[in-house]
Structure formats: structure tokens, C-alpha cells
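In the two assemblies presented below, chain A is common to both, partnered first by chain B and then by chain C.
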Partner chain A sequence: MTKHNDSNTPRRLESKERPSLDVLKKNIETELGNTSDIRTRECTVGEQMIPAVLVWIDGMVNSIDLNSNVLSPIISKSVELDMSPENKQALKLLSHSILTATETTAVTTPAQATSLMVEGWTIILIEGHNAMVAVNTLGFETRSIDEPSSANVIRGPRDGFVESIAMNISLIRRRVRSKQIRVESQTLGSISHTKIALLYVEDRVDRKVLEEVRKRVSKIDIDAVLESHYIEEMIKDSPWSLFPTVYSTERPDDVAGLILDGQVAILVDGTPFVLVLPCTLFHLLKTTEDLYLAYPVATFVRWIRFVGFLLTLLLPATYVGILIFHPEMVPPQLLSSILSARDGVPFPILLEALLMELTFEGLREASVRMPRSVGSAISIVGALVIGESAVQAGIISSPSVIIVAGTAISSFTIPSNSLSGSIRILKFVMLIFASILGLYGIIIGLFIVGIHLSAIKSVGMPYLAPFAPFKKDEAIRSFIRLPWFIQRNKR
Partner chain B sequence: MFFRFLKTCLLLSVLPLLGGCWSQINFDQLTVVSSLGLDLNPDKRLEVTIQLVNPTLPISAGGGNQQRRSIATYSAVGATVEDALETIRQQAKKSLFFPQTRVVMIGERLARKGLDGVMDYFWRNQYQNFNSFVLISKEPVRQALGKSQELQAVPADEWKAYLESKYYKSLSGAIELYQFLPRLNQSGYAAAVPGLRSAESYGANQRIMAIEELAVFRHERLVGWMNSDETQMVSWLSGMAKSGSFKVKIDEGTIISFQMNPVAVRLTPVFDGERITLKVKMVAEAGIVTSTAELNLADPDFNRKLVRSLTDHLQRQTEHTVYKLFRTYRTDSIGFGETIHRKAPSKWKKLKKDWEERLKTIKVEPEIKVVMTKSGLLIEGLITKDDEEKK
Partner chain C sequence: MNQQIISNKQFFFIVFVSITCLSFFSSPNQLTSQVKQDLWLSMIFGTLIDIYVAYILQSLGNQYKGKTIIQYTGSILGKAAGKIVSLCYLLFFLIVMMTAMWIYCDFMSRSLMPETPQLVFSLTMMFCAGMATWIGIEAIARLSQLIGAIVLVASIILFICSIADFRIENLLPVLEDGILPPLRGAIYPGSWFGICITVAMLMPHLSNPSKMFWMKSKAVVLGAFIMTIYLMYSIAVMGPDMAGKFENPIYIFSRITHLIILDRVEVLLLLIFIFGSLITISIVFFAFTKGMQQWTGSKSPKPWIIIFGIIVVFSPFAPFSHNSPVISSYLSYWFPIGALCIEGGLTTMLFIIAMLRRHTG
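Right after this comes the complex of A and B.
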């Protein structure tokens, strides 16, 4: 028998200084700007049958929770309680021995009350009492845990993070059941009040990294945090660099593994993407699945990924560079077949490669945004129009289609989406270098990329670690997935 | 401030254009020269012939139906090679691409006159394929390149494939440009180049070219030819090939073909005052490929006889080949001079001045060891008539 915003409640003022229920309710409503999603429920408490009102924001509370832990105890159990305004202990007694909710607190001002309400608390207003009781009834609909779409595995756990930070923390905790796990929560965003949490393993974390992350997070001044990338961009090293220096993942097992390695995770409420610091280039080329596969297979797959990384960067550039500047390097039969395939193609090689690469990037972007039902149409258009017809119409030569396809396949082997994006941009830079200076230009380009990579850091860790600076054991472990039985130390 | 930044960016972006694209090649104008031929025309002037590849799709890619000539041949006369090539460029209107030349063909007439002054082009030009094979054509190069027909569309591809093959190496005596050029000026190791002539009896229109015999050079001049058995021996002695086949006549009516693999040869100079002796130590494993008569290999005596006659034959052939080179042609195509250079550098300093004269006096002492390893699937001559058991 919930009544919404009932304004016909009779005024019953016991004494002048005791606020009436109406006024209390009005105060809260004005504080929230008379927003229409406030819900109220009237009832009476105590022996004196003092009227009371429960106020909450629709959708933010769990109604079962509200019913069984707040409403029903008040109605059924408070009849013997002295709730008269003169009884100073009344509110304390109410929250201590009547309400069965997990969290209660007393608030005195409407401002306090509303700031709790937006976080899903229910406020109990009792006539004659200045103070209010706030009960945590937070509970909103969340997506159920399912397989992360950004990182599928063949073997390995299939749960992914969801949009609720509490759930996400629990997903990590249930993997690492150690008392050494520390969660440092704070709120960011002057309007959004987004909860974020630093998560690490106390006896393994690198203190310097932790201090640095804390410092950087505390410096963030932003009005809203809607996704972890907001934070990523504000705390990352070399913010102008194309390369991601913060690792983000959707997989709890990934984060669990990384914090066990002494890294710090940053969880942000409202997004399934968790940030992990520090992050090096080789972190981005590893996947958690490497650890779930047999070590020879995992090593092989990892090498394929390294090769794919280089091919994405260099394949189109090498094709253009060699053909324009050093055709003598091409084996005679291949040269003959490329020459004949290019016979009658109107565009120069560079333009052809650029066109095809851009078309592919466009196709890729289109297929990401497309609803799944239309997605297959894109692939048909891509395969037929670009692959078949353009070649048959003599607009594009087939070798360049092969090159673009090879580049595309290689780019899909890079596990990190953000790394793959930056490599795809650099691919075009390399293409330009190759078209101006040939293989010499590619080497210059690689030098520039190499200098940049060895210059940037991620919270103090060099980006090319463990290769620059070189650490033998870790370098071997980055290249080869060592079987567990010969890994002696814990990390 | 913003405009200054913009101006800087604009100016910087013009910078790469200023550089141009120095050694960029217009890929679509590029035409691969498959072979380059040098010869003297009947007026004794230098004639350059080139064979251009008209690119076709490989047959596997559906290029089999293409109705286009796969090669085109151009010839021009000039004072220098480049002079003639300039004329050819005017005819062909394409940018000639030499780094993938498969074969450099030299006409016998030019080779006999001497290559001095012509080969400078190959030394100087940086866009050269030093891995192209050298051939001496017995007939005018212009005809050899223009009329030759092979199974592959581009004849030079076929020739290259043959010359590259390890299996035929001992027979062909293949030599690449990077080996050929320095040997023209080397007395301790003279050049020897496989010859090319059209094989008869294939009709007038169809010219199948045969790569056979070996042209022997003394410095930059062709001095004579070696036949195919001698070619094989030259290849073994110079260490270019390690296998080959040999046929030996044992008795009247019995000719056995052997497959020799491997053949290890070691040349050792022995000095005795002014006299030099060339010791040839050859160790070979031989297998019987075929025989014209029944062989009883189970009989040790016969076996010994077989090995002996093979050894004798090889010995005779070695002496014959070396003397033919050293005495008849007065040239060192097996690189004996270089062997001395390596083993006794101080002696070589004195010897090299009149090495060609000295060659005539060198005595050859072959020391040959043959091991029979394979006899094919037959051990005795067990081919029986009508499946009868041999008694």
C-alpha cells in the first residue's frame, strides 16, 4: 500500500520545534529538485504510532531488500518501541535492534540524506525527529556475468567483469582468497561520484608503483568518470604517445594473475574494463590464455603474435618500398606475376596500397558499429566488392589485395585492442616513409619507433622491459612460455 | 602563435617533396631483361641483343590463356655496350631492368676475338646481376636469343634452371658472372664457360638449344672447347661439382654407366726444383646405373676388375683433360695456379709471371680410388627367361 508523494497527509505538530513529517519530506524533495523518481512509503512506528515515511530513489534500491530489511521490521517489530521525540535513544534503538539491513547510519541534514539517496540508500523520516535514519538498500539491475566479448578464450574461465564495482571486486577475490588483498576505494568525479578502487596484493605489490598510482589518482580532477579510459588517459605516462601504457582488460583471471605479479589494478564502477599498471609492450602481446595452453603451443602462438605485430606494422610498407625502390629483390617469377597483375591498373603502387588499407580500416570500423544482423552484409560487401570485383575491374591489382588481407589477419593476432589501433596508425606512417625512401625509409621509421618505445615508461617501468633494460630470466619468460614445473620462484 | 605553428607545419610538410624520390623506379614502366647477349655482327662491330620479358600471369593463376608473346628481342649495334643499349631503349621505349638478368650470352665470334674492353660495362654498372649465368653461343647471339624455344615461355628461365641445378652441374660447368669476370684477368684460374648451340633435327622453325661443351678461355680470349666428358672432369678438378656420371667400356660389347656421387678431388702441387708435378687425388663412390651385358657382381674377381677398369679409365681421362688444357690450350681452367697460390704463396709469386708457359711442363700424377657402393636392384644378372630358377 505504497503511496506516492502523498501531499494530503494531515499536519500533526506536537510542538513548535519538532519538525513535521511534511516539512522533512519537503526538505528532501527540494534538495533533490523535486525530481519525479522519488518514491515514498508511509507507515507508523513505535507505541505512539508516530507517522513515518520511507524515501528512496526509484530503481536504485533493491525492493526485496527494502521490504524484508526495512519495511517489515518497522511495521511488525517497532510496536513496543518508544519512538516519542523526547526519547533521545529512539533512532539508535530503531537502527540497532529493529532494522535488519546491513548498513544503517543517522543523518541530520537533508543534504547528507540526499547524497546517500543517490547512492541507493533509503531514508526513514519520523515525525518529530530532526535526525533521520539512512539504510543501505542499494540494489539495481546489473548485467549478469557472461563471457567478455572483447577477449574470448577457447580454454579458460568464461566470466567477465560487469558494470558493478562490488561484483568486480568479488570476481577477483573469489580467485585470490587471500587476506593480503587490499582494496582502496575512493570516489572520483565531482558530479558523477564514481567509485573507483585500487586493488593489489599487499606483500607482492611494488611499493613505488603503488605510491605513484595513488598519487596520480589523487590528482585527478574531473567532473565525471563514465569509463575507465577517462582515468587511463589522466594517469598514463607520456600521454601524447600512441602506445598504450596502461593495460585494460575485461577478464577477472587476467587481473588476478597480474596483481599476483605485483601490479596494481584500478577498478571503476560502471565499466567492465579494469586498468592494470604498470604495463609494458610485452604485457600487451601476452594473453592469459598463454598460461592455460600447453607450453609449446602457447610459445608458438606467442611467436605468431610477435610476427603478426611486426607484419601489421611493416607488410604494406615493405611491399611498396621494395616494389618502388628495390624490385630486384623480388624473385623473378614473382616479379613477373606482379608486373602482369599490375598491367593496366590506373593507380601507382603507393596510392593503391593506401586506398586498400583505408578501405579495410573503413570496413573494420563499419562492422564494429553494425548490429550483428547486418554484420554479415558488410563481410559480403567486403569480400565480393573489394576482393573480387575491384580486381576483375582492373582498379586494384590482386597482389595488393593479398597484402592488405595479410596485414588485416596479422593485426587481428594482436591481443590488445588499443595496441592494435596504434600499430595500425603507425602502419600508415611507415607506408609514407617507405614510399619516400624505400627500405632505407622503413629502417628510419623503425629507428624512430624504437627510440620512442625505449624512451617511454609506465609508472616507472621501462616500456620495453625486460629487453631494454635487459633482464635475462624475464626476457626468456617473455619469449617462451616456460612450463610451470620449471618456474621455481613464485612470481 | 597558432599561425606560426601552422606555417611551420606547412613548410615541414613540403620538405619531403623537395627531396624527391631519388632512386625511385617507375614500376609500371619496368621491363625485365631476361638475357643480355654480346656478339660481333658480320661487319665486326659490337652487337648487343637483349631479350625482354613480357610479364604474364603464371599458368596456375589463369595466365595460360593469355595471347601475348612472352618475350621480345631487340638488337642494336654500337661502339660500346651502353651505346647499343641506348639505341635499344629508343626502340623498346621501356625502362630496361637489368638486376634480374638470368643469362649473359657471348657470341663465339666475339669471344674468340677477345673480350677486352667489353666486360668493363659489367664491372662498372651497379645495376647488374652478378648471379646471372654466362653462356658462349656457337651461333650468332641474335639468332640464338631471337629464335630459341623452350618449354618455358622465357627461354632464359629454362637455361637458368638447368645451369642452377646441382644435378647437372658437372655436365654443364655452369659459371656465374661474379666468377667469370675476375677469372678473365687471372692466370691462376682461367674462365671456362658452357656453350650453347641449337640442337639439330627439330625442324627449321623450332630451335631447341642445347647447353653442352665447355669454352675455355685464356685471359679474355676463347681458345678452345672441351667435350662433355672433359667438361665433367674439369668440373670435378676445379671443385665446382661433386657428382656426375661416367661410362666405361669393359670388354667388347659391355658398356657400363656409373653414377659417381660424391667425387672428392684434391690437387696437390709437388715441387722438384723447376719441375712441378700436379698430384690429383680423387676419391669417388660409384654406383652402377645400367649395363649392356650381364654382370656377376657376386664374383669378387669380377668386382675387382670392374673397379680397376673404372679407375684406369678415370686416370686416363684425368691425364687427358689436364694435358689438353695445359698443353694444347695453355690455360689453367681447373685453378691449379690458385691452389699453388694458397699452398705455397711465395713460390706462386715467382711462378705467376710465366704461368702459361710453365703449364706445358707440368706433369700430372692421378691417384684415384673408387669404391663401388650401389649396383641398383640387381646384384647378379638375375633376369631369367620365363621365370625359371637359375641352376
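Right after this comes the complex of A and C.
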């Protein structure tokens, strides 16, 4: 960096009451605790060649932006400008007619300056001027838009949200190019200062839901928001419930569709997961891809998901409950083949089912955390050691393996990860109930789950809507994916 | 306290589920053994009694908007007499709960799980009903909407699956012993259907109370219709003599049906009805605890839920075994008569006094 500041010594003496550049710079450095990632660039401005310094935080600014919109205009175009401290309009002129950056503002205290710096702004300090010019040069490396790993589609758009909130809003806006879209931004987190935004379609949104969401978000008191789940847990109804009452998705087309249905989206800076409210059980069992597939296929797949949901919850419990308490329900041939397969197995049937289910949950967790190269090793261990050897050694019976595998496949059909997690926990509860009281225990368990599901709400919408309370048109639309030529008239 | 509101459709299903599930467990034995193939006539009379009660409750409810039966007895009869009469209703609710609980536990321990102590059934059922009551009528109503649909669909499937075993000659001759036995038999469905007097406690919760009579009549007719088909089916399949010998002919009848690979669907059917019964018990318990709260003027019904929950849990320990003559005369004589007196008699009295008061005052 070049130094120009020893050319104007007489002028510096003249304006002694004016703060010197070093003091201004020092103030800012002290405010930031002399952190080592502050970068400075010294230069001169105006026809008087007054020394100036640009200060920013490394890594938060876009250096191309900084060069072309701030530094080069200052150096090359400010030579005709009167930048003397006596000229009250000097800073205004500088930001209005010299700087070409999109956003500039004037700040007066080091505290204001530093709070902008941590958001990626560059501060211009000029010798003799109390006020400073702040220029938005925000720009940091972000992940490029690619296919969301949490929700793959065979047919449908392949872009997913990224970690930048501005980019995420643009991804939604470019799908719904309507002037009715409203974005309400605010900052959350007393330390992290995370930007969040409420996004909705003005003429379609449910006013009550919007008011409620605004109210709940404004009540959040937290020091840092690093992921949207922080907010999800703080705004969700019945916080102790196992069931997710806030929908989260990584897909812009999903959010676009939902806000068109009158829901409210909450975008959080720093995470690709966007929250959408309200969310019912049947929202969680739908996917966007349902709308991109042929309607009979989509309906069929949706039913498979409903069945998968119930099987995940009930299959192991029913197996244990029927075999322990009601073997007479099973046809004799089936019963005899199950019993002969269980011949010599040392564990009681409950323990066997529990062991296998826990093993499967372990395998599932292991395969999520492991690097992809180790993943194949896990599947070999899982399939060969547990599936094959345990059965051959007579430790585990093959019907149990079949039941666990069936439950596993069913649980994979649930599109929402959080719902699938809740159901997998409840599966164990049901298993315990079934082992104590058989099918009667399952009914008791179902009643408790049922009464809980009927009681909880998502921002005022009953969780089992549209089936309980029953709304005919919506229930049909939830149960069957109606073809577009019919659905078009129903909105 | 914010008022929980239930829609008319939900109310319809509440009544439907209560009627089918209560009569599934309570009245088949007496009806099939005493009235045999003419029980449809008993069902019709029972339904008429209940529609009459519903009409009275509707007009009382119209007169005292937003009030429950416990509250308006005071306005009709004056404070002291009102307290006594409403206590009668409350005691009636409690007796209904304990009787129903006794019947369920007895039936379950003899047909579904013989080795399990009855206390387990009453404990689990009361826990569920208490929890549902605690959460409130809205959740109960939503759940009854789901289970009502399941009961309806399961019944229709069962009827279709077992149509091959239907012997119409078992249902003939019509009115073999004259009209008197079906008339006398009407007290069984009449008394148990009349449990829906609990609607007098639900009326302030309805979104449209003026439609109560219409919705309730529809639900009672549908419920009675389904139960009549069940009973007629079991007589048609097994013959009147055999059906009369079983404690619960519907349960036995469902054994003959095969559903895909399952051999014994009666357990599934039973489970569906147990689920419905849980809802029914919750409704009665809700009516009872709400009534207790209003009767004593306490702030919340929650203490009553705990106190009476514990009391009802011990109802299977009523000191009579199933074979005792006391219990059979109670179930086949005293309970129906008493229930009819309260549902029909006491309510009619209230209605007449209210009408007189309106005309004189």
C-alpha cells in the first residue's frame, strides 16, 4: 500500500481541534478490540489531497466491489472536490457523486461504524472530518446453488436454497414474479445479529396466521441464531410435543407453492432451511414432487406414504402384540412358519424386536455421519453381519429381520425427516405398550397419540386438519392429488 | 376461560360413536335373548324415546341459551330444588360411567385377555379418558370424527364380507310373540341411547346449538341402524336361540368373517369399538366433571377429573361377580328403568315446569 499522508503537514496543524486520522483509526480499532483481521488502505481525497483511510474486515467484503466502486473512484475522481473539513457538504458530495457502490451512509460514532463493519461494510475515514462514510461492500464466498441433498426429486427443479438470505429470497422471487410478495426483514440474536425475513403473498396470506407469526417472532429473545431450527423451537405451538408443527424445506419451489397457498415463510440467514407456517400432519406427508408427477401416480405414491407412516408406527408393535397375545389371529400356516423360524432363538420376542430396531437405528445414524467412502462398509456390516449371520447363527429369527426391514423401508417413505424421527420414537413406545397389553395396549397407545394429535395446533390450524375438523374439498385434495385441470378452479 | 367450540359435524360423530359403542357392549345380550328377531322394533322404539328426549333438550336449550342442564335446572326449579335435581343428573352420569366401566372391564377380561387383572383395563381406560377430558372437548370431538368414520367403514366392510352367511329364514317369523316383548325390550336401547343426555352438557359448546336436535336425531338413527344390522346379522347367521346364549353375539358373529389373511377379525372389530368406547367414556366423563365444576362453582374441572378418575378406576371391584343375580337384575332391570326415569321422566318434568313458568311469568 502506498503512503500519501506526509504531504499535507501545514493543513494538519491548522485544524487541531479536528480529529486526526490516527485517532479516528485508533478509535475503530479499539472498538473492535484490536482484532487482527482489520484491513486498511490509505489514500488521499479532494483537491487538498487530504489523507484518508479505508477500513474493513477481511473476508466480509467483496474485493472487486471494493476496488471498482470505492477505491478507484476516490483516487481518480475526487481530485476536483473540495474536501476541506470546513465544507459541510464534502462527505455528502463524496457519497453522492463519487462513490459508485449501491449503498452508502454517513456514520458519526465508532460504535455505529463497527456494527456496520461486521456486516461487511467499508468505512472511509477522512482527516479532519468527524463523520465517516460507510459503504456497503458486503460479499463473501457462498456455496453455489445446487441440488438440495435433503430432498431429491426425479422430476422437478433442481435448485436448492443456499446459506445467503438475499440469494434465497431471490430464488423465491424469480418463481413468483408478483408485486404482491412482501418481505419483512429483521435482525435476531443479541450477539449474532442474524437477519431473518418473513415472506408472504399479500393478497393470499391468512392475516391471523401472519399476525401470530409476527407476534411470536418479535417475542424471541436469544443471543445467537445459527440455524432456522433455533427459531422453529421457539415459535412452535406446544413446544413439548414430539410432532413438528413447523415445516422446513430446502426447496424454493416448495416454499413458492406454499406461500401461494397463503402460508408464511421464515427465511434465516446462514441456513438453507426455510420454515413455513402453519404446518399440519398432512403437509408433512406431501411432497412438491406430487405436483410434478402424473396425478394417478402421485396419488398412488401419496397413499404409499400414508401406509408407510402407519406401518412405521405400528408394524413392530403389531408383530409383537399379535404373537404374544393373539396368535389365533394369524392363519395357521403363517403362524407355524413363524414359530419354526423362531425355534431355538434365545431371546423373548420383545427383546428380539427391540434389539433389531435399535440396531437398525444405530446403522441409520452411523450411515448419516460417516463419510461416503465408509458408507459401503457400513452397509456390508449391516446386511451381512446382522442380517445374514445373526439369522444363520440362530440368535435372531428371520421374521424379526423381515419386520424390521419392512419398518425401515416404511420409515424412508415419510418425506419429512423430523416427522420420521418422531414416529420412530413413538414406534418404540408402541412396542412397549404392545408387549405389556397386546393389541389392547396398541389401542391405548393410539388413543393417547390420537388425542394429542387432535389437541395440538400449528398457529391456530388444528394439526389433523383437514380431516379432523373435516373440510371436504381440502380433505379430498390431501387424500388425492387432483389433476390440475380440476384443481385450477378450486383455488 | 375460553370456550371450546365443536362443529355440528363433530357433534354428529360424537353422538354416533357414543351410541354404537355403548350399545355394542351393553345391550346385545338382553335384546337377543329376550326379543330375538323382533329386536328391530325395540331399536325403533328406543330411537323414538331418544329423539323425544333430544327434542326436550333442544327446546330447553333454546330457552336457556349458553347454559348447561346443570345450570338451567337452577333457573327452572329455584336454587335448592335445582341443586337436588342437578345432583341427580350428576349421580346418573357417575353411575353410567361406573356401569359402563364395569361392563367393559368384565367383558375384556373374559373375552380378550382372560389373564389380565381387571384393574389394568379400568386404569388404562380411565387414564385415557381422564387425559382426553383434561385436554378438552375440542380434541375429543376431532378424534371422534376420525373414529366415527372408521367405525362406519369397518362395519360396512364386515357386513359385506359376511353376506354369504346371512340366513334370512332365521329372522322369521316377524312378531312371533306379539308386540309386547319388543316394546318391553325397548328399554334397553332406550336407556343406553339416552346416555346422550350428555348433549345437554355439550350444547353451550356447539357452534350452532339450534341444529342440535336435527344432528342428534340423524346420529341416533344412523347409530341405531348400524347396531340393528349388527344384531340382526348375528341372529341371521347363528339363529335366534344360539345368538341369545352368547354374552355378546356381535363379537361371536364377527368370528365367522375372514378378512384377506386374518382369520379372526373379531379382535380387530373389538379394538375399533374399544377405541370408540374410550371416546364415549371421555364424553360422559367430560359432562360429569364439567357438571361437577358448575354444581360446586369451582374454577376448573381439573380437580374433579383427578378425584373421580381415581374413584371410577375401582369400579370393577364392585362387590358383585358377573354371575351374581344382583348384577343381572341390575343390568336387565334396575339400570334401564332408573336411566329411563332420569332421562325421560326428570327431563320431561323440567320441560313442563319450564313451559309453565314461561307462560305464567
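Everything that follows uses one rule, which is that the second predicted complex is superposed on the first by the 473 of 491 C-alpha atoms of A that agree within 3 Å, B and C clash if a C-alpha of one lies under 4 Å from a C-alpha of the other, contacts with A are read in each partner's own complex, and residues count from 1 in each chain.
Keep this in mind: contacts are C-beta pairs under 8 Å (C-beta built on N, C-alpha and C of every residue); 3 or more make two chains touch, one makes a residue touch a chain.
All values derive from a computational prediction rather than experimental measurement.
When the two structures are aligned on the shared chain, A:Leu482 is found in touch with neither chain B nor chain C.
When the shared chain is aligned, chain C comes close enough to touch A:Ile451, but chain B does not.
Between chain B and chain C, C contacts the larger number of chain A residues. When both complexes are overlaid on chain A, the residue A:Gly438 reaches chain B and chain C alike.
In the superposed model, A:Ile324 makes contact with chain B only, not with chain C.
When the two complexes are overlaid on their common chain A, residue A:Ala468 makes contact with chain C while staying clear of chain B. Residues 325, 328, 332, 438 of chain A touch chain B in one complex and chain C in the other.
Chain A contributes residues 325-326, 328-332, 334, 437-444, 446-448, 450-452, 454-455, 462, 464, 467-470 to its touches with chain C in the complex. On the side of chain A, the complex with chain B involves touching residues 323-325, 327-328, 332-333, 335-343, 345, 348-349, 435-436, 438. Chain B makes touch with chain A in their complex at residues 16, 19, 21, 23-25, 27-28, 30, 32, 53, 55-58, 61, 63, 97, 99-100, 102, 127, 129, 157. Put simply, chain C touches chain A in their complex at residues 7, 9-10, 108, 112-113, 116, 120-121, 124-125, 127-128, 131-132, 135-136, 138-143, 145-147, 261-264, 267, 271, 274-275, 278.
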